[in-house]
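Shown next, in structure tokens, is the structure this report addresses.
Chain lettering (A, B, C and D) follows the sequence in which the chains are written, and residue indices restart at 1 in each chain.
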Amino acid sequence: VTRLVAPPTPQPDVARFASIRDATVELAAPLSAEDCALQSMPDASPVKWHLAHTSWFFETFVLRPAVPGYRERHPAYADLFNSYYQSVGEPFPRPQRGMLSRPSLDEVHAYRRHVDEAMAALLARGVTGPLAGVVELGLQHEQQHQELILTDVKHLLSCNPLRPAYRAGPEAVTPERVEGGGRAPLRWHGHPGGIAWIGAAGEGFAFDNESPRHRHLLTPFALADRLVTNGEWLAFLEDQGYARPELWLSDGFATVRAEGWHAPLYWEREGGNPDGAWRQFTHHGLRPLELDAPVCHVSAYEADAYARWAGARLPAEAEWEAVAAPVAVRGNFLESGRLRPAPADARAAASPALQLFGDAWEWTRSAYGPYPGYAPPTGALGEYNGKFMCNQLVLRGGACTTPASHARASYRNFFPPSARWQMTGVRLAKDLT
Amino acid sequence: VTRLVAPPTPQPDVARFASIRDATVELAAPLSAEDCALQSMPDASPVKWHLAHTSWFFETFVLRPAVPGYRERHPAYADLFNSYYQSVGEPFPRPQRGMLSRPSLDEVHAYRRHVDEAMAALLARGVTGPLAGVVELGLQHEQQHQELILTDVKHLLSCNPLRPAYRAGPEAVTPERVEGGGRAPLRWHGHPGGIAWIGAAGEGFAFDNESPRHRHLLTPFALADRLVTNGEWLAFLEDQGYARPELWLSDGFATVRAEGWHAPLYWEREGGNPDGAWRQFTHHGLRPLELDAPVCHVSAYEADAYARWAGARLPAEAEWEAVAAPVAVRGNFLESGRLRPAPADARAAASPALQLFGDAWEWTRSAYGPYPGYAPPTGALGEYNGKFMCNQLVLRGGACTTPASHARASYRNFFPPSARWQMTGVRLAKDLT
Amino acid sequence: VTRLVAPPTPQPDVARFASIRDATVELAAPLSAEDCALQSMPDASPVKWHLAHTSWFFETFVLRPAVPGYRERHPAYADLFNSYYQSVGEPFPRPQRGMLSRPSLDEVHAYRRHVDEAMAALLARGVTGPLAGVVELGLQHEQQHQELILTDVKHLLSCNPLRPAYRAGPEAVTPERVEGGGRAPLRWHGHPGGIAWIGAAGEGFAFDNESPRHRHLLTPFALADRLVTNGEWLAFLEDQGYARPELWLSDGFATVRAEGWHAPLYWEREGGNPDGAWRQFTHHGLRPLELDAPVCHVSAYEADAYARWAGARLPAEAEWEAVAAPVAVRGNFLESGRLRPAPADARAAASPALQLFGDAWEWTRSAYGPYPGYAPPTGALGEYNGKFMCNQLVLRGGACTTPASHARASYRNFFPPSARWQMTGVRLAKDLT
Amino acid sequence: VTRLVAPPTPQPDVARFASIRDATVELAAPLSAEDCALQSMPDASPVKWHLAHTSWFFETFVLRPAVPGYRERHPAYADLFNSYYQSVGEPFPRPQRGMLSRPSLDEVHAYRRHVDEAMAALLARGVTGPLAGVVELGLQHEQQHQELILTDVKHLLSCNPLRPAYRAGPEAVTPERVEGGGRAPLRWHGHPGGIAWIGAAGEGFAFDNESPRHRHLLTPFALADRLVTNGEWLAFLEDQGYARPELWLSDGFATVRAEGWHAPLYWEREGGNPDGAWRQFTHHGLRPLELDAPVCHVSAYEADAYARWAGARLPAEAEWEAVAAPVAVRGNFLESGRLRPAPADARAAASPALQLFGDAWEWTRSAYGPYPGYAPPTGALGEYNGKFMCNQLVLRGGACTTPASHARASYRNFFPPSARWQMTGVRLAKDLT
């Protein structure tokens, strides 16, 4: 049996629980009930659903099993806000999450408070052992959905010809705006290969898919010291990159044709004019394309084609981790439910580094699969990660929309190669021989 | 050139304008902003969209052309709330109407007030001639959308496993609840055939598709004196009506199989139990199936199959009109934005009659097409009715969700034969030879 | 009960039976076994299937019920070659007819001979009464499939970039090549309106859908004296006819966009060059577009848009029949399984006439439905025509691929408005007021 | 630059060329022109297309570039029989390969002879260097298509309710019939882990995707000594394996539901009766299910679910290769275009072994990707393998339909996880800790 979390879980902290839960609410604060109810595509969920589902998690996996006499808020929520756990009910179909005007946003917030109060009472009584692990998992899960709230609502707002902003303000840091951009020529950071330890080291929380820690044999390689920028992508685009099949994986080029892709998601020409200046839809509305910022919202297919065009390739996830593990985590992150600019000194420190965290998720060439010896936890929580180990690619690092505590070298994010609505960017790699 | 409205249009009345516009707002009153924002299927529109589109109509066809210096509320609304008028812009795609959390419901109400104020000022100055006809058309159009608000929101709420009610209240009259139900055996009302005048007689408003009035030759026939009831439909269902291809049109049976139809829309077994009692989703939530009430929410395919099973057929639209024209209009209707029960004496009067208006729309076997000599109006308003004269069937009569002033013998409603979310029922007909 | 065929059916003639059956075989003669096996789209069937299905008809409706001890060729054929008769088995799915490499073409020909021998023996013994009517229906049915063989194989061959010919030969008359083409200016043939008798008069065979003969009231109208030509269509096309939504029915323009239509089916530019000369794929391969020949292979949507562009409309089927009934049938037809040019004197005679038969099927604006008093025959043959009376439009006249004996004023062909692979053309009509 | 073939390629042998080319023709010999023309699904191709495409390969990559004055058979074949090489033309769309009744099968055979004669002349003059490598690649490619001919035609014939046999004969060895079946209890073959050399060793031909040979670090594991049998699969099926979501990958269970899978492809109940005995469609028609034979025609999703049900997992491709590399290749194979039983002594020798080759392709859990240092060849042949390195899983071993010379430890076959029409089976693996 696999442990869900690597180290003995400390007793959950009431204040930390409240802080993380409140951060989710704060993320939804700029949004109206209407904004929170809509679903723009089957891949994305309404913000209201995220607010409810993260509460459902604690109700289903902590309160109902562990609190005698716990009274659930509403019997229908058990299925309505179940995402995909077939073992604990019949999840309401994902593509229909946007059909639910009821419960209202107000009622969902009441549901959150109902769960939070019961959780506070439980935590005050003290929670240890496996249940403490489940509480911690629930908080990590909550933070994952914080990022999804930001990416899903961005997609929804982008479908609106009014191109509304998620949050206004001149001081705002756009998620795409990251430091250490592309004016400097790209340099290569070499690695001699050999055996590397891969996977969660057992200090602090990690998801089951980061285990077991194991040895992996690497051949010599190099990683770029920074991400590909919008300006570089523009050169690819102007070199007819989207029209040259020889640069693409077969499935990738088929997708380009079927979807009519000709630029990253959220890029558009000013006024729809074919000669208009490029603009980029952000959480703060339409903005001019920043040439020095990392390119974002590209699929793995596009990342792979760009790399081939550039005479390079995407990194393997173990290569990335071998380089990232010794690097101190720096960058911009989501904190307390706000997109915040990093302090100026943190930015300065991050600049000469490898820009590994806090900018954009980095596509790898590695299919998402189990590590040697991996087995999912028993019970419903075994459905958390393991059952998605097919047809997806691993992403590493983390974006400026990722909660800071998720920035670790062993973290494995995963999406299908065609996904573009996450904050996904590109780092180049190459073989050293 | 066809006249849009049959008689010389009287000068529009400010009070009547306000009353009809207000009725639309009252219909939306029981709904939250979330209820008003969602779209349950491409055929249906969000309530918010209906509220905005009906205002767009006056802005586009009255205020912008006729009021010098009129300032539109927002330049984007011209396309955003255009339904299908290709001549006046690029309509925002219908299946994406549910992607619009902005403008908010509050802003849409402000848009309505903006238009209403400008219209009030215009009407106060006096409007005559063709423009008066357009104002009248806008009001009739507004009333059509009142009915669509009720059917579209009903569909939306039915997709929610909570089965929420549009409006609560024990006194409520459900739209399906109609008088003169099916306990009495069905009787036949004969007609000798011969030449009948069909189409709008020129007294009061009529849509262009009701013209020109013309003579039509009928063979002898009979119409049932009442609509088919839920109880009778249950007998069809229990006789395996949905499983017997010989009863169905070819396209109808293919649809039954593809969609898995086995009962009218909104019928469900209690608790999802195959042996549970039949229940029916209404504007007032789930209710027991009323056996004496007219069956509602059946497609033309189902209506046709039922008729064949019953040894009868559907009426032709001219047959229906020939019978209905001399009949005084009675029944339950939508008035002032409320679903109201008819006064008791009106009910009594309606009972022995043919139940032609105010219960459920009646499918005919007649394809929706132009009358001899018909030509649509010139200009954008020519897109109102004429361009849909293909692949649709005519419905006659009117439902309890239909504004009372739309109950007239010449009115031609139309939907594709597969549509079920409107308040559509069945009257039988047969040949007399 | 409706009679299947109008007059008392004469005793079927052995020689006529053989002649019609042989004509079908002759139509397939220029084709290889491979040509006969393929299915190019669900609407079309492989030639081999037509050869088998027409035999299945006699086996199922004549031999099996009427010949004691009849031994069927193969038990699986009962379902395999059933087109859509749900009452007599489970038809093999239409879209999969092209999955059948077995039985081979040779075996299908053997099946035909097997059926023909049994039929010859039966007919030699004499057949009378209702069974004689079924034999006649089988022959008429066979002739309908002769035309379908020609249109279906044309579609298949058109999908091949080699653009192979169905049959070569310099003397060949292409199906599209018709006399009386468009150099002469179009003239209008007026009709005063009034009551007309519509439907089969009872002399000779007619399908059930041509009955009952009944009176119909017409308003004054005029029909064009000839069909629209390719040259005229080119003017429509060059006037941006396919890009102007105001000319189209709503469903029509949606289809134009979804399918990318920009010209009639089978028109292509020489060499795929946007400026290349127009060419037309025919049964004899690619040929230059004949400007004086009637336009062919247009959908009802296109026909309707063209008519609107030309300031006219499509005829109603009763209008067409009222004009056609007194006209002697002349033109080019399919005879004895060959596409034959009409004799020169017949051409001359046809020229000044209304070109009503033998050129291209003429779309009407009339939805295909039952005549007053119509009821389909009882039993499986009731599925022949009645169950398609929805979502289709009536076509009148007949093409040069239509067997000559099918050219009659009361004949009702029917296809969905989007169909283009039949030999469908356009005659204009207009109101006289 | 990657070498296409590992070792210096010997000068191609005229006799070997002819032998392999003839074997392809022999495989098609039992089939009619009709059998060879049809396409049963987009994944599969008509046999005629395989016959032509393999000739196209030599024409395109050998004859046209290397033989001055070579006259191609037909200019249209360059695109018509191009599979997916975007660099050398516009491939005819794969899903439409079944639309081509022309060129005829006879003409395709003539095309083969045309190419073979030109190749024979070229080979007789002597071919060396890179061109010799391309000739060898063409022969290996030809053999891959020999296997595809067998699997594609099997799928086509299975769509026919007559369930025809590819080739009859009591002596026939069915492809599924393999030795060493499942009566013996499954035993585990342990491996201590450590560094293994993976990839083509440089002796004999190998595809580019088998290179570069490199070291890979393995953790201790065990492989089953034989494949899972039909009998064992039946137990899985009877334990409701297809209905239990907890056993499945998320995409796998979604596919099970969408496709209605409930047993391996080609399993059916006798007479369609739910209680009928299980039968299996083979190249020799319907046969009783052999319980001791390896299960075949399962997707990777099913293989994975079975493994989870059995308390095991699928092997990684490196695990498989580490075990297989030292094992002598034995088994049944496709030889000279015939499905042949292995000699009795070979069978005996194979029985106690690990049954690694010649039975059924074995799904691994490994996504198909590039080996460290891999780069595709330059030019059009670089499209051969590399561009498919996404969304596919690796299969190892080889089936009884695989040419014997393709049975090598480093061979990497690949298909999407949902593919079932190949001869795909299951070997279990587990971790040793």
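The working rule: a residue touches a chain if its C-beta (ideal position, glycine included) is under 8 Å from a C-beta of that chain, and two chains touch if they have at least 3 such contacts.
These numbers come from a predicted model, not from an experiment.
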| item | value |
| --- | --- |
| Chain A to chain D, fewest steps along touching chains | 1 |
| Intercentroid distance (Cα basis), chain B paired with chain A, Å | 46 |
| Chain centre separation (chain B, chain C; CA means) in Å | 38 |
| Inter-centroid spacing, chain D versus chain B (mean Cα positions, whole Å) | 59 |
| Set of all touching chain pairs, with the criterion as stated earlier | A-B, A-D, B-C, C-D |
| Chain B residues touching chain C - in the complex, by the definition given at the top | 84, 86-87, 195, 214-219, 221, 245-246, 248-253, 300-301, 304, 313, 316, 365-367, 369-370, 372-373, 382-383, 387-391, 417, 431, 433 |
| Residue ranges of chain D in contact with chain C within the complex | 32-38, 40, 48, 76, 79-80, 92, 96, 98-105, 156-157, 159-162, 164 |
